[in-house]
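Please find the structures below.
Heads up, the next two complexes both have chain A, just with different partners, chain B and then chain C.
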Partner chain A sequence: MRDRIIFALQLLFTLIVAAFLAVPAALSIAAGVTVNYFRGIQSGVTLQWVAQVLDLYAGTIMASIAIALGTLLVTLVVGVPAAYALYVRGGRLARLVEEIITLPVAIPGLALALGLLLSYGGFGNFRRSWLFILAGHVIFTMPFMVRSVMAIFASIDVKSLDEGAASLGAAPWRRFVDVIVPNAAPGILAGSLMVVTLSLGEFNLTWMLHTPLTKTLPVGLADSYASMRLEVASAYTLIFFVMIIPLLVAMQWIGERGSAK
Partner chain B sequence: MSHKSFVWICLLPLAAVTAAFFLLPMARLLVTGAEGPRGLAEYLAILVEPRYRATLVNTVLLAAATTVATLIIATIAGLFLQRHRFPGRAVLVAILTFPLAFPGVVIGFMIILLAGRQGLIGDVSARLTGDKLVFAYSIYGLFLGYLYFSIPRVILTIMAAAQKLDPGLAEAARSLGAGPFAVLRDVILPGLAPALVASGAIAFATAMGAFGTAFTLATNIDVLPMLIYTEFTLAGNLATSAALSVGLGVMTWLILALARSFTGNSVAAAG
Partner chain C sequence: MDRREGECEVTMMIRHGAALKVENCGKTFADGTCALARATLDIAQSETLVLLGPSGCGKTTLLRIVAGLEMPDAGGRVLFDGKDLTRQPIEKRNVGMVFQSYALFPNMTVAENIGYGLRIRGVSRLERAARVAELITLTNLGGLEHRRIDQLSGGQRQRVALARAVAIRPSVLLLDEPLTALDAALRERLRGELNGLLRTLGITAIYVTHDQAEAMELGDRIVVMRKGAIAQVGTPREIYFTPADRFVAEFVGAANIIEAPIESGDLILPGGRQPVGSTGSRARAVAMVRPETIRIVDADKASLTGIVDSIRFAGDRQRIIVRDAAAIPLALDVPHTIHVRAGERIGLSIAADSIRLLPAEG
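This part shows the complex of A and B:
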C-alpha cells in the first residue's frame, strides 16, 4: 500500500515536471497557428503568421542553415584530423590541447564574443561578413566534434588498425582516408549532428557578433520576441522547432543505438 | 612522409584556428580589462565596487538556487523513471529531454508564454483570485528559465548514473531492515554523488554565464551577463566589460574544473 502511494506521488511529480516543460512549447505551437491568441483557438487556425515570418525572416533562416553547414564543414576538415592526431599522439601535450579547445564551452559566449570583437572589430570587411559569426561558431562547436571522434577512436582500438595498415605499406594519409575516417564514421556523425544543432541555436555569441546585415535565426527570434505580436513570435519559434527536432531525434536515435551495442 | 610529421600536420589547422579565434581574442580581452582608468585594479572592481559586487552576489544566489532546485527535481523524476516501467514512460522521457536543444532565447519565450503578460499562469490566477500573476520579467522568471534549461540535462545524467548503480546494494540494505528513505539516503544518493556533482556544476555554470534567457526576459535583470552586456553596448565601457567577463569566465571554468577533478569525468556546459 505504502509503495503504491509513493509510486503515485512520484508519478504525479514527474508529470508536473513534464507539464512545466511541455505546456509552454505546446502553447507556442498553438499560438503560432491561431488567428488571435488572446481570444484563443476558437478564433480559428491559420498559417498567416507562418507566412508572415517567412516573408520577414526567410533571410535569417537561410543564413542560419548556411552558417551551420559552414561550421560543420570547418569542424570536419579541422576537427577530424586533429582528433586523430590527439588520440594517436596522446600524452601531456594532447591533454593540454584538448583542455584548451574545450575552454570555449566553459567560458560564457559573451566573453568569447567580446574577445573576438576587440581583436577583429577593426577589420571592417571581416567584421561585417558572415565569416565573423562563422569563426565564433567554429570555436564554440569544435570541442564537440573533436571529443566525439576521439571517443570513437578510444572504443575501436584505432591504433592497431592504423599499425595494421602501416605494416601493409600504406602511406599515412592513405591510412587516414581509407582506414581511420571510415572507422570513425559513427563518431563523426554524432559530432556533426551536435555541431549543426548547436550552431543553429547559438545566440550568446551571435547576438554580439551580428550586424544588421548578418542576422541568424536566433537573432531574428530575439528580435521578434521583443517587437512582434505574440502570434508571429510563436510562428517563428514553430519554424525553429521544425528545424531542430529532427536533429534531436536523430541524435537520440544514434545514442540509443550506440548504447544498445 | 613519416608518420610523426603526418600527425603534426593533422594538428596544424586546429592550432591555427584556435590561436587566431580563441587564444588571441582571450589575450586581447585580458589586456583590455587592464586598460581602463583603474588599470589592473579593474579586475578587482567586481569584488570592490558595491554595484558590481551586488550583481555578483545576485548572480551567485540565482545560480545556487537553480542548482539546488534542479538537482532535487531531477533526482526525484530521474530515479522514478529509471526504476519503474509503465505504459507511456517512453513518451514521458521524450518530453523531459526534448528541450535539450532549445537555446536560451527560446527558453525565455517559453517563460513569457508561461508567466508573461499574456501568459498561462497570469490567465489562471486572474480567473481564480482576480489577481493577474506576472513574474516572467523578473529574477523569478529567470530562475524558472534556468530550471527549464537544466532539468532535462540533469535528468538524463541521473538516469544514466542510476542505471549503473548495483541494484543488489539497495536490495541488501532493504533485507537488513532499512526503510525506503534510509536506502535512498545511505545507498542511492551516495552512489549518485558523482553524477549530482557533475550535472550540478553544469547547471550552476550555465546559470552564472548564460545570456539569452535573461536578454529575452528583460534587459534590466540584475545578473552578471546582463551587466557585462549593458556596460559594453550602452555605456561603451570596454575595460569594465572585459574585466567582468574575464572574472565571469574564470568562475564558470573553475566550477566546472572543480567538479571534474571531483568526479574524474569531463563535463561541459552549454547555452
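This part shows the complex of A and C:
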C-alpha cells in the first residue's frame, strides 16, 4: 500500500516536471524549426529562422560568449587565489570576507544592478562599455567560483597540503601553483562551468545594465520575444539551448565523477 | 648549517642538523585556548627529543612553533644554532616535517613527492634523481617510484612522508605522531625502522607521540607534557625510574601509587611494613612502585604480605593482583615460572631503592 502511494507520488512529480519543464522546452525548440508555428509542424521543417537569428543577433551571441569567457577569466584569476588565501588564513576576517563575497547570491540581480548604476552609472565611458556588464557578471558569479573552490579545498585537506609544501621550502605562490591548483582542479573546473553557464544565462542584472550597444544573448532574447515573430524567438531559444546544454551536462558529469571518488 | 656536510655517506654515524633552543614559548590561540604554557627547551645537535603526553596536551602546538607554523606568544623565541628564527615562516627554516596526516601530494608520484623539496631548492634534475634513489633505498620503497599516492598502503605512505622530509637535509626533523595512523603490528615494525633511520641519519629530531613505548624506544630524552605544561624532561630511564610526579609515573609504564604514612623510614601498610630507603616520618607519603620490581617471597618470612586476588596472563609474563597488602590492590609482574593461586597469602619483597617517593599533591 505504502509502496503504491510512493509510486503514485513519484509519477505525479515526474508528470509535473514534464508538464512544466520538458514540454515547454520541447515545444519552443520545435517552434524554432517549424515553417509556420500556427499551422503546426506539418507546415514543414526549416532552418530559416535559425539563420535569421544568426543574421540579426550574431552580435549578442558573440557578446555573451565574450562576456562569459571574460567573467570566467576574472573569477579564476581573482577567485581561486582569494579562496586559497581565505581558506588557509582562516580566522574571523576570512569568514567576514567570505560572507561579503557570497552576499550577491542572496541579493536579487536587479538590486545588484541598481547598486552598480547608482555607484558607477555616472562614469559615462565605463557605463557604456562592455566592462560595465562584465563587472556585474563577475560580482554575480564570483560567489559560485569561490564556494566551489572552497568546497574542494575542504575535501582535499588543503591546509595540510599547503603546510606540507611550505615545510619543503615552497613560498606561497609556488605552493599555489604546484600543489593547490592541481589538486583542486576538479573543483575549479566545476566552478568554471557554473560561472560560464550563469553568465551566459544571466538576464535580470544584464537587462538593467545594458545599453542598446551592449546586449547579451538573453537580453536579445527578450527583445525578440517582444518584437519578432514567435518562430524567430523560438529559434533564438534553440540556439541558447544548444550553447548551454553541453555545459550543463558537463557540470553534471563532473559532479558525478567527484562524488563517485 | 653547512649543506656540504650532508653529502657524506648516509650510512655513517655523523652528527647532523642544528642545535635548537625554544625559549619562553607559550601559545594562546585567537579563541582564547591556552594550548601551551611558556616553555623553555634545549635540544642538542643530533639529539632525538620526544614530546610525550596525552591527546590535547599541547605537543603538536609546541612542534608547530618550532616548525614555524604557529607564532609563539609575544616574548617567545625559537633559535636554530643560536640564530633567532622566530619571525621566519616555515619555508625559510629548512625543517623536515612528517605530518600526522602525512600531507603527501596526490598530484605527484612517490619520486616527485620525495624530490619536491629539492626541486624548490633548484637542485638539478640529475642530482635530484640520485638523491631520490638514495632515499628510496633507505626507506625500502624500491619499485614504487612511479606509483601515485593513492596506490600506496599506510606504511608506504608513512615512509614516503619520511623520505620527503629527509631529502632536503633539514636542520631538524619534526615528526608529529608519524605512526599513529597505522595498525599495531605495523606500528611496532616501523618504530624499529624509524629508530634505525634516526640513528643512521644522526639528525636533530623532535618526535611527538602519545605512546610511551614509542617514546622510550626513540627518545634520547623525553619531555612529558600535561595540560599544556612540561611535567618532566629526562632520559627514558630517568622518566621511568624517577618520575617527577604522579602524573608522569602513571603515564609512563604501569605504576602502583601507594598513599600511606611513613614511620622511621618504613611505609606503614595494611599488610605490614615496607622500608623506603630514607629515614624520618611523615603523616602521609605518596610512593611509586613499578610492578616488575616487586618479588614474591615466602609469606612467613616477609614483612609485607597480601592475598592473591587474580592472575592475568600477559604473554611474556603474568600480572598478579594482590589485595590487602596496601590500601589499593597492588600489581606485580612476574615470570611464568612462579606459580601462585588466587586466595593464597604471599609475601612481597620490594627493594627500598626501587621505591620512589613522589610529591604529595594538593
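In this section, the second predicted complex is superposed on the first by the 249 of 261 C-alpha atoms of A that agree within 3 Å, B and C clash if a C-alpha of one lies under 4 Å from a C-alpha of the other, contacts with A are read in each partner's own complex, and residues count from 1 in each chain.
In this text, a residue touches a chain if its C-beta (ideal position, glycine included) is under 8 Å from a C-beta of that chain, and two chains touch if they have at least 3 such contacts.
No experiment lies behind these values; they were computed from the predicted model shown.
Superimposing the complexes on chain A yields a three-chain arrangement in which chain B and chain C fit side by side.
In the superposed model, A:183 lies in contact with chain C only, and not with chain B.
Of the two partner chains placed by superposition, only chain B is touched by A:22; chain C is not. When the two complexes are overlaid on their common chain A, residue A:7 makes contact with chain B while staying clear of chain C. Of the two partner chains placed around the shared chain by superposition, neither chain B nor chain C is touched by A:130.
Of the two partner chains placed by the overlay, chain B and chain C both lie in contact with A:166.
Touch counts on chain A: comparing chain C and chain B, the chain ahead is B. Of all Cα pairs linking chain B with chain C in the superposition, the shortest spans 6 Å. Touched by chain B in one complex and by chain C in the other are residues 166, 171 of chain A. Across the complex, chain C is touched by residues 91-92, 156-157, 160-161, 163-171, 174, 178-179, 182-183 of chain A. Only residues 6-7, 10-11, 13-15, 17-18, 20-25, 27-28, 31, 37-38, 74, 77-79, 81-82, 84-86, 88-89, 97, 100-112, 114-116, 118-120, 135-136, 138-139, 142-143, 146-147, 166, 171-173, 176, 197-198, 201-204, 207-208, 218, 221-222, 225-226, 230, 233-234, 237, 240, 244-245, 247-248, 252 of chain A touch chain B when the two sit together in their complex. By the touch criterion given at the top, residues 1-3, 6-11, 13-15, 17-18, 20-26, 28-29, 32, 73, 76-77, 80-81, 84, 86, 92, 95-106, 108-114, 118, 120, 147-148, 151-152, 180, 205, 208-212, 215-216, 225, 228-229, 232, 238, 241-242, 245-246, 248-249, 252-253, 256-257, 266, 268-271 of chain B touch chain A in their complex.
Against chain A, in their complex, chain C makes its touches with residues 30, 67, 69, 89-92, 94-97, 99, 101-107, 116-117, 120-121, 164-165, 168.
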